[in-house]
Amino acid sequence: ACGKGSLASGGKSSDTLNVVFLPSDSAKEETAARKALTTEIHKATGKKVNVQTTTDYNVAIQSIASGKAQIALMGPDGYIQAHKQSHNVQPILTYSGKSGTLKDAYYHSYIMVPKAQAAKYKVNGKYSLKNIKGKRMSFVSNTSTSGFSIPAGAIKKAFNLKSTDDLAQSGKFFSKVMYGQSHQGSAVNLLKGDADVAAFDDMDLTQYGKFQNDSTKAGAIFKINQNAPAPFNSVRGKSSVAIAAYAVQNEPLVVNKSKISDKDTNKIIKQLTSKSVTNNHLFFAPENAKVRGLFTKDGNTKFVAISDKWYQPTHKILGE
Amino acid sequence: MELRQTNGNAFFLKKRLKLTLLIGLIGVLYVGASLVLDFNSAAFLYLDRGIIWLAKNFIPNSQSMAYWQEILGALIRTLLVSVAATSVAAVISLGLALMGAKSTGPSQVVSWVIRGFASFMRNIPIVGWAMLLLFSFKQNDFTGFLALLFLSVGFLTRAFMETIEDVDIEKIQALQVTGANYFQVVSQAVLPEICTPLISWVLYMIENNLRDATLVGLLTGTGIGFVFDLYFKSLRYGPAGLVVLAIIILVIAVELSSNFVERRIAHD
Amino acid sequence: MISKPEKQLEMMPVAPKVIPKLNFSFRLKDRRRRTIYGVLLLLLLTTALTIPTIIPKGVNLAAATKGLLDNLRIMLLHPAASNTSMTSLLGALVQSISLAFLTTLIGALVAFFIALMAARNLAPRWLIVAVQSCMALIRAIPTILWVLIYSVALGLGANAAVIGLTFHSVAYLVKVYADSIDELPKESLAALRAIGVGFWPLVTQVIVPSVMPSFLSWTFIRFEINFANAVAVGAAAGAGGIGYQLFMASGFYFDFHEVGMIVYLILAFTIPLEIISYQLRTRYIKRSAH
Amino acid sequence: MLEVKNLSKTYEGGKKSLRDVSFTAKAGEVTAIIGPSGAGKTTLLRSINQLITDDSGQILFDGQNIRELSRRQLKQTRSKIGMIFQNYNLIEPLTTIENVLHGSLARKSTIAGVLSLYSKQEKQEALQLIDEVGLKEFAFNYCSDLSGGQKQRVGIARSLMQHPKMMLCDEPIASLDPRSTTMVMTILRRLADEKQLMILINLHQVDIAKTYADHLIGLNNGRIVFDGQAAEATDRQIEAIYSGVDSLVTE
Amino acid sequence: MLEVKNLSKTYEGGKKSLRDVSFTAKAGEVTAIIGPSGAGKTTLLRSINQLITDDSGQILFDGQNIRELSRRQLKQTRSKIGMIFQNYNLIEPLTTIENVLHGSLARKSTIAGVLSLYSKQEKQEALQLIDEVGLKEFAFNYCSDLSGGQKQRVGIARSLMQHPKMMLCDEPIASLDPRSTTMVMTILRRLADEKQLMILINLHQVDIAKTYADHLIGLNNGRIVFDGQAAEATDRQIEAIYSGVDSLVTE
């Protein structure tokens, strides 16, 4: 009979807000950044804020969907799954790109092949998914939005499959399926020659290499830097080509509407889109900042209010 | 010494005092750990909620029966890999344990080295092994096999060592004094004596490795663990429940057959 | 009272005239040995048939092994806390230890009472079967699932982590505790039953002192297992701990140096723990050898 | 007084271990039961306090038929019957005095028993008994540190703590050296003489039986083959008791 | 012939268990060693085949000083010395014949020993020995199913399989009933008489020692306090051997 951890079952009247973090594709947040978020939400609502980090995808989704947590920061795929579980789960904010608007609040998911093999995947002079059947495929993990859900959704559509299950296992659609467990891992699988085709995104790889041309379209060429650190030290200088590229909406901050009042939600939106947050390096850290921020600052990066509608393209590609 | 003169009250008082102190210390540690973690003991009052949620969500429905073939195949695969990894580990561990046990090993130093090695293999967290192995061996059954092998070697070496040390040293001596050499003593005295517990450890390990199938799934991209992960992560709890049920049935089947084997080889 | 040997010599069997027929296959002749050889053969065959099918195609095993050794070398010889501060790693370690401690302590308490219902020399057969099957069921459900269940039911955090991990703790300890109680000589229980001592005094006066050493040593083993579990799934329940740091270091930063540092921290805790439990065990054996 | 009438016992598996056994034992008397291994000595002793259930017959102890008591009554009666075992059956991780105090548990409330709450009087009595069996110095030693003879004497003190009317001893000296044997047998003899206890004792050593017992019962293959004064048994009679064949012992 | 000269042994912890022990034993003779618990009987026997290392002195067996042999020579010599234990120390999960065959291991190649490849002759010899100790029927039974007396006879057969010149017996009959005791002692006596073995035997029972032994050695507190013909030892002498105080036994 000790300790004072909350057993609060949530609910609108509660004076505590639980925020769930799932370290995912983009948010490599650090303690300081999490704390900053706590402070801002507390400032906005006057409520006690609990931030909890889970490494488990399902735990995060179930928490927000069941209302045990009222606010969550998770990848787009996680949001969509949670939304499917409970329509009370709604996105309220995401972060913008350079422009400071939703126009470029995207990152990209690619289906890549080694540069030397790229020609084989052209059909009528255009890159196509047609030839990937039977190849050795590398994904990130089966919960990654840009490293699995989006590309697999696209392949499913292109080949008219019933579900993505067949894409997830060796010996079905692909001769072999492997998981890099991270975008870096998936890229290394490809460049080392363990996989013929790989899915990964751009934002996790920017510190290891550069895009040589328009990175938003099929045909984008990605080259590893000559001084790339581990795990890329054995594939320095190698290049890959995207045979497909998909824009993915940046990840949202979501709330469970049944457990948090609209008033509070609006206060949070207001607070987080304010100038002080925009300029707070703990939220948006410059590329070379010592203390890691929640996100990387690029031009005018800041929080922008959104609704479920903004994720329509992803809803569609995931077939939900 | 001064106790002997008394009527025993002092003795019982001291014993009770010690017990009280021990309970007090554990209590303090409990409170301390609860504070560190922010754990509320009252949480145990809500035990039923979890069970109810489990029952509601994980009961396999008719829809999930569509997956049974897939599950069965993966289940068999997992069983085979567990058995193979355990068997190979058992052979390695037996060698190590013979060298490491006090009664059969060459020296205390070797014993500590082997103990340390076994401990190292067991105590590298699963996530750590996953990273190391995946990085070099990629996703395949072999990686899962290796992970289970390493963990099993760590576990079995220690178990075998303790089993060997449980053999009455006089029985070993009884053969030594006939002039039999080391290998003869090991094969004629130690092995027959430990055969029964050895087999039950191996069977237990197989069972345990099946239970760790989630790990194997993560590492291999095949097997029952992967199938579970696949359904679980896509929030298809019905089929995931079916997988759990399949694991339960398999584990219990293995447990029952190991009980059966143990009864048949028991001595009494 | 004992007569002289000369008179007794007639008791000696007469020297045999016919030597019994040799049965050269005596090693296989009974059920026990057939079972042992059968099990060994089955394991051997399964292994021999399985291994060729799991050797991966397209992976150069020699190179992969070298890679593994290289990374192990980085981990073990060049540990460093590069992404996280040493203090936060230590703090995380303390959290994991606390989680392991709580789940072990609670598990041991609960398991003790349940084990009394599962021991052959104390409980009726039907109760043993019921309890043991229930425990087998709990053990067969993956730990991560228990944690998930309780983080949904109770909310993320330590409460879910502790309860989720305690399930396995209890199920495991019930089995080994019951086994220890089973091993108690029937006679020492009978000695007190024979003079009309009731159940609960029997428990505290006979069972507790007699099985305490083996309970302690099993509980320590479980503490080690719980620590491993606390590392593996504590982070999933939002209870943080060293497992979270490891998750980030390996999955996100690809930093073998930091993984090495974390592994060392973990070993710094588990190895002394193992030494303590070894000492406990040897002392127990010495005492019970009398 | 103890009267056993027509007692029979068949173990599961069909082994007939007692066949129609009848005899009488008196207070103040030492009754020795001898016979070859497997004769049924242990079975007989354990039937008397119903540690094993027998098939048929009567066991009259102070006029009551033990075989027909309710559970509660049986507990009551058992508390009057001490029992001594070949392997002592002490709780070795406890001290001498704690083991001796166990003899008083049957008289105590459950809660006092559970928490080892012994009264000052009980402790004094225990110490006195320990002194009587010559173990004063070892009262606070762990039993695991005692020698066999010492352990057996602790066993006797534990029995005495019950205030028994009868003591059943199953080969109490089988694992003891001659000095300890003498000491233990002398104590038992004295208890019969001074405290008028009724003592039943299974023995392997005929000479000891003849030296210390009043009454001798010979068992062979579950049957009583001798019943008489210990001093009067002839060598031929003794030999007859032990005759029989070597059998696979599976205890 | 065995000549022990000025043998001393101090255990770690400073316990002096043998003090300047000297005696001689001859082939064809049964030498009984008696003495109270803790006198050093076991220590003496185990020093002779160097199962424990002693401090100083000489142990001459067939002229060789056992204490100065190389490991290899020691193995060789040990194979000529059988040893019998109080708790038999058989490998119980094996059958009688397998345990007996263990006695021939020292003569076999490592690989044959490891794989239990015994020759037909060896098997026949083993069966013959089993028959000699009266266990013909039990040759293929598991030792765990045998009674104490039967186990001890298996132990003797195992020793005989070594073709020993000397047999060291550490309380071989301590856990046996009188019939088994007689049987085991008779066998040992006969081996000394017929096969001219030299037999050293630790005993607790003085009467048995007097009945079966030629030569009696009395140990007390590590010292030889009696050395002479077994038949000639007087009751007073015997009593002197056993005199001493009750001590905490910590084996």
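The letters A, B, C, D and E name the chains in turn, as written, and every chain counts its residues from 1.
Here, a residue touches a chain if its C-beta (ideal position, glycine included) is under 8 Å from a C-beta of that chain, and two chains touch if they have at least 3 such contacts.
Which chain is which protein? Per UniProt: B = Phosphate/phosphonate ABC transporter permease; C = PhnE/PtxC family ABC transporter permease; D, E = Phosphonate ABC transporter ATP-binding protein.
Since we're looking at a predicted model, the values are computed, not measured.
Novice: Which other chains touch chain B while also touching chain D?
Specialist: Both chain B and chain D are touched by C, E, going by the contact rule given at the top.
Novice: Starting at chain A, find the fewest moves between touching chains needed to arrive at chain B.
Specialist: 1
Novice: Busiest chain-chain interface by contact pairs, anyone?
Specialist: Looking at every pair of chains, the most contacts join B-C.
Novice: Which one of the chains is closest to the middle, using the mean of its C-alpha atoms?
Specialist: So the chain nearest the centre of the shown protein is C.
Novice: Suppose chain centres are the mean of their C-alpha atoms. Which chain sits farthest from chain E?
Specialist: Centroid comparison gives A as the farthest chain from chain E.
Novice: Indicate the whole-number Å distance between the mean C-alpha point of chain C and the mean C-alpha point of chain D.
Specialist: That pair's centroid distance is 41 Å.
Novice: For chain A and chain D, what's the span in angstrom between their mean Cα positions?
Specialist: Between these chains, centre-to-centre, one finds 79 Å.
Novice: Compute the distance, rounded to whole Å, between the mean C-alpha positions of chain B and chain C.
Specialist: 5
Novice: By the touch rule stated above, which residues of chain E touch at least two different other chains?
Specialist: In chain E, 116, 134, 142, 178, 207 touch at least two other chains.
Novice: What positions in chain C touch 2 or more of the other chains?
Specialist: Within chain C, residues 1, 32, 59, 144, 152, 154, 157-159, 243, 247, 251, 290 contact more than one other chain.
Novice: Which residues does chain A have that touch at least 2 chains other than itself?
Specialist: 3, 5-7, 58, 181, 185, 194, 231
Novice: Please name which positions on chain C make contact with chain D in the complex.
Specialist: So the residues of chain C touching chain D come out as 1, 185, 187-188, 190-198, 200-201, 203-206, 209-210, 212-213, 287-288, 290.
Novice: For the complex, which residues does chain E have touching chain B?
Specialist: Counting only chain E, the residues touching chain B are 49, 51, 75-83, 85, 87, 89-94, 98, 102-103, 105-106, 108, 110, 113-116, 142, 144, 155, 158-159, 162.
Novice: What part of chain D is in contact with chain E in the complex they form?
Specialist: 36-37, 134, 138, 141, 145-148, 150, 174-175, 177-179, 204-207, 242, 246-250
Novice: Within their complex, state which residues of chain D touch chain B.
Specialist: These residues of chain D touch chain B: 95, 97, 116, 118, 120, 123-124, 126-127, 136-137, 139-140.
Novice: Which residues of chain B touch chain A in the complex?
Specialist: 30-31, 34-35, 37-43, 46, 130-131, 134-135, 138-140, 221-222, 226, 229-230, 232-235
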